[in-house]
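Two complexes, one shared chain (subunit A), two partners (subunit B, subunit C).
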Partner chain A sequence: MIEKGKISPFQMALIIYAVVVGTAILYIPFITAQHAKRDLWLSPIWAALSGFLIVFIITKLYKLYPKKTLVEYSELILGRTLGKIIGFIFLFFLLYDTAIAFREYGEFVESAFLHKTPLVVVTGGIALTCAFAVHGGIEVLGRCAIIFLPIVLVLYLIIYLFLIPDLNVKNIFPIMEYGWIPSIKGSLAPHAWLSQFSLLSFLLPFLSDETKGMKWSILSVSVSVMTMVYINLGNIFLFGGIITSTQFPVFQAARYISIGSIFEHVESIVIAVWVLGGFVQLSAFFYMLVLGTSQWLKLHSHKPIILPFGFLIILFSVWSASSFQEMIRSMGTTTPFYFITIQLLIPMLLLFVAVIREKLRKA
Partner chain B sequence: MMDSSRRRKNNYISLVLLLCLIILLLAGCWDRTEVNDLAIILATGVDVSKKEAIELSVQVFIPKPAEGGQQEGVSSGTNSSQTLVRSAEGVTIADAMSRLQEKLTRRIFWGQNEVLVIGEKLAKRGIEDQIDFWMRHSEPRERADVFVSMDSAKEVLESMPELERDSAKQLRKLVDSQIGVKVTVKDLSEMLSGEAGAAVIPWVAKLSPSNLGVNKGKNIPFIQGAAVLRGDKMVGWLSDKETRGILWPRNEMKSGIITIRTNGETGYVSLNLLRSNNQLMPKIMNGKWSIRVKTDADLEVIQNTSNLSLLHSKSLKEVERKVVQEIEDREKLALSKTQEKLNADIFGFAEAFQRKYPRIWRRKSSEWKEIFPKVDITFETKVNIIRTGLENEEARKGGEEK
Partner chain C sequence: MKVGGIFGITALIVLIYLWEWPKLKKNGRKIIVVFFTLITIGWVLAILLVLFPNMPGPSQLIDFIFKPIGRYWEIS
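Showing the complex of A and B:
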């Protein structure tokens, strides 16, 4: 086995939470609002379906093939050749997913602060830092999550608490003015984000207490959805009708904080703390990608391929979209289908075949 | 054994080398900007220039070292100007900004800009394009307060308040006192894109200086009423009194003093507003649109020059009745002007209808301009006088009334 470290179920829940929510809170409100308008807070609730379904599938698969990741058991389920192909498809997707996450991180830092810094410097810098964490293995990741994420979570909460004087609750009415459809259309992007819970497959084998894996995964989905609903509600209360045109509502909300004209201009703190969450998210992506690849290649250690993959991620993050607008547009249109196809359909297919095999073997 | 110790040594050396590399990063950002390279903008004025383009005026903070501390006394802040005003023309704000930059040795920095004044002429022409700059560019803040000024905005920036450091501070403090409307860039953007398509912005007029003031001959900006916008164009102006009237239905009335006279009395009773809550209750019946403005206010008596004894519930009821009438009169005054003359829905009636009747609204929203002037408005005002002050008039008047 490549990784000998262990993490607690709580650490696992935090890591996967960071993977899903880290960039989601930045981009989801804007993308969702394009369709859902003022019902954008409903969309993550629909998307929770994907989250729960995937957790169910992944834990079920894990029960059939304990101590194995998706890349490993796909070979056992589908046979060597087909399994390798599916593994490759999944890993290639994961590379793209990771690169997109790095790109999202970079684009945000660029448009909020470092307008003139080349994107590669921003993403390269964080990639290098993440590489150290990945080198340390799963335990380092788990500890980073346990140290940083509580701070990040508290931050998400207090942004809107500080804005209470400016929040207008009436903005959410009328709820579902145009029926269910807009909020369901808007849930496309949250569906894609929550489908990333399929990556749990790379974390479950390292649990110190496997019996609690399911429970904490479900909890993590719930908290992720609640965070998104909370952020979306805060944004609609604050921005009302202009929610459809505010690109980084959370950032703009942080800028809007002003208490007694002393406590204001706090967005730099918000970003600094957000970067902590971003670091955990990107490291986790990076780690899973490297781990999966070394399992696919049957390497003895994941360490030699960390730097090459870091380089590859940066390349893909540049290739993935030619501009910020293109990235945003694809996140609201094509990317979710790609995400859901790979992350929901492949595990589903695997589970289907695995269950049939199980039945045949018993019969 | 030898091998492991050598490996440890190698690790140690590489760690030290790495730390040395990190030191390089500590030198700072490559595109850092020092404070003395920035022209910190406190207030911005936008006007129409003579050539029909945009004239952008900025009030720039002049950083000065604190001089000698106590020597100059308290007045030092007011008599020496700490700001300067510069302006430039361009086809858009951003264009004017680039011209302005040519005149300033330091880089224009919007981060601290808290005030945006729009000249009357420009406001009448439309402000949407100007607001776009504020919402799109990442440096200016969405929380900046917006004003429309009588005459040019540049004059407002150049004026010298007596009590405050500069006109930016003066304007901000005035809107924060909550006696008029307060509108930030975000609020304005929300109002302009809202269903009602109307906005209201505080109106800046000039106050002639007091005789003893230090800056003789210079006018002082102050808030007098509000400008009303329909679409993104200014269509009218509300006086101070009318502005108070619109605060009630907008649920922004948070403080104020109401003075009334009851029938048959010569003196007055003044009451201080403690808190109030307003609700708009829309109703569509048989194709007739109506709105009930529901007000709930708590007040306390702060002066009583009449002969009424406020200990008696009968006279207290009479005062309450009068206060209700006064409040409704103010609301009616403001409503009749905005509804009939200006046809600008600045109360959020459109949103109220949309919330209650989303289906009907969807069909009728395009006709709102024709519907709004015909909306029937009724009032339901409830007033509680919860305290009558510290003095008991029974003692003062010796109960002579009875």
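Showing the complex of A and C:
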């Protein structure tokens, strides 16, 4: 075992919550709104299906192969060559996913604050900070999550509480004006995001109390879905019809906050806190990528390959899209299918083969 | 501009190498091979990206594979 640290189930739930929700409320509401319009808030509820399904699959697989991650048991399930190929596909996806998350934060910070700074400087800075956390291992990540995430969660809640005078509940009507289809179509990106719970596979082996893994994972999915519904409801109450043209709705919402005209420009605090959540998210992604790769190559230590991977992540974040508009377009059309194929279909296939193997072994 | 970029990338790679080398030596042969493969991939890719910023990448591949389904989500 490369990593000797342990995390509590609560820490695991917080880390995976950060991984999913950190970017899910950044600009995903904008993509969802393109199809769902006023039924924006329904889409995450459909997407919850993917979340619960993947948690079920991953915990089932973990019970069959205790103390192993997806990269390790894919080899045991499918045999050496095929297992290595599946492992590579998954790791490449993880690299791409990490790079996209870095790009999202980079674009966000740039469009909100640092208008003239090159993107690479922002993402590079974040990558360097994350590299320190990754170097510390899983325990450092768990503690970061326990310190930072409560602050971030409170922030998500109070943004819309401060805006209560401006919220117009009537904006939500008519519910399902054009039937079910728009909200289901809009749930594509949330489906892709919630399927990221497959990354639990990299955290489960480090649990101090394994019996509670499933319970906390389910709780984490539920809280993620509730957060997304809450944020989307807040957005629709605040913006109404113009939600379809608001790129970073939560950030825009924070700009509206003004209490007694002395408490203004809250968005700077919002970004600062948001980046805290982002730090946990990106470090977790980075950590899983590095850990998965060293398990795939059967290395003794994951530390020496952290910096080279940081460099690769930055390159991929530049490479993955020519512009932010381009990225939003592909996030609304093709990329979610990539997410779902890798994170839902591959574990499903693995579980299918593993169960058949188990049956044959017993027969 | 491009020469500066290539120079900067090379400097960065050398820095990563210098930072990791003392620890690398203790870790055995396999990890050294992996480390050098990774930084070589990074170096080549970085220089290619400086020279051809619009080089088609993984995103184009994903677009190509999933276009038949993704079409239905295109906003008209």
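Following the convention adopted for this analysis, the second predicted complex is superposed on the first by the 363 of 363 C-alpha atoms of A that agree within 3 Å, B and C clash if a C-alpha of one lies under 4 Å from a C-alpha of the other, contacts with A are read in each partner's own complex, and residues count from 1 in each chain.
As a working rule, a residue touches a chain if its C-beta (ideal position, glycine included) is under 8 Å from a C-beta of that chain, and two chains touch if they have at least 3 such contacts.
Just so it is clear, the structure is predicted and the values come from calculations on it, not from any experiment.
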| item | value |
| --- | --- |
| Combined model on subunit A where subunit B meets subunit C, clash or fit | fit |
| Angle at the Cα centre of subunit A, taken between the Cα centres of subunit B and subunit C once the superposition is applied, in steps of 10 degrees | 110 |
| Subunit B versus subunit C as contact partner of A:299, first or second or both or neither | second |
| Greater subunit A contact set [subunit C / subunit B] | C |
| Partner chain(s) touched by A:252 [first = subunit B, second = subunit C, both, neither] | first |
| First (subunit B), second (subunit C), both or neither touched by A:173 | first |
| Which superposed partner A:330 touches (first subunit B, second subunit C, both, neither) | second |
| Partner chain in contact with A:316 - subunit B first, subunit C second, else both or neither | second |
| Partner chain(s) touched by A:188 [first = subunit B, second = subunit C, both, neither] | second |
| Subunit B and subunit C, minimum CA distance [Å, superposed model] | 10 |
| Residue numbers on subunit A that touch subunit B, as the complex places them | 111-112, 114-117, 170, 173-174, 177-178, 239-242, 245-246, 252, 255-256, 258, 261, 264-265 |
| Footprint of subunit A on subunit B - complex, ascending | 30-31, 111, 135, 138, 141-143, 176, 186, 189-190, 193-195, 351, 354-356, 358, 362 |
| Subunit C - residues contacting subunit A, complex | 12-13, 16, 19-20, 23-24, 27-28, 30-31, 34-35, 38-39, 41-42, 45-46, 49, 53-55, 57-59, 62-63, 65-67, 69-75 |
| Subunit C partner contacts - residues on subunit A that touch it in the complex | 34-35, 92, 96, 185, 188, 297, 299-301, 303-305, 307-309, 311-312, 315-316, 318-322, 330, 332-335, 337-338, 341 |
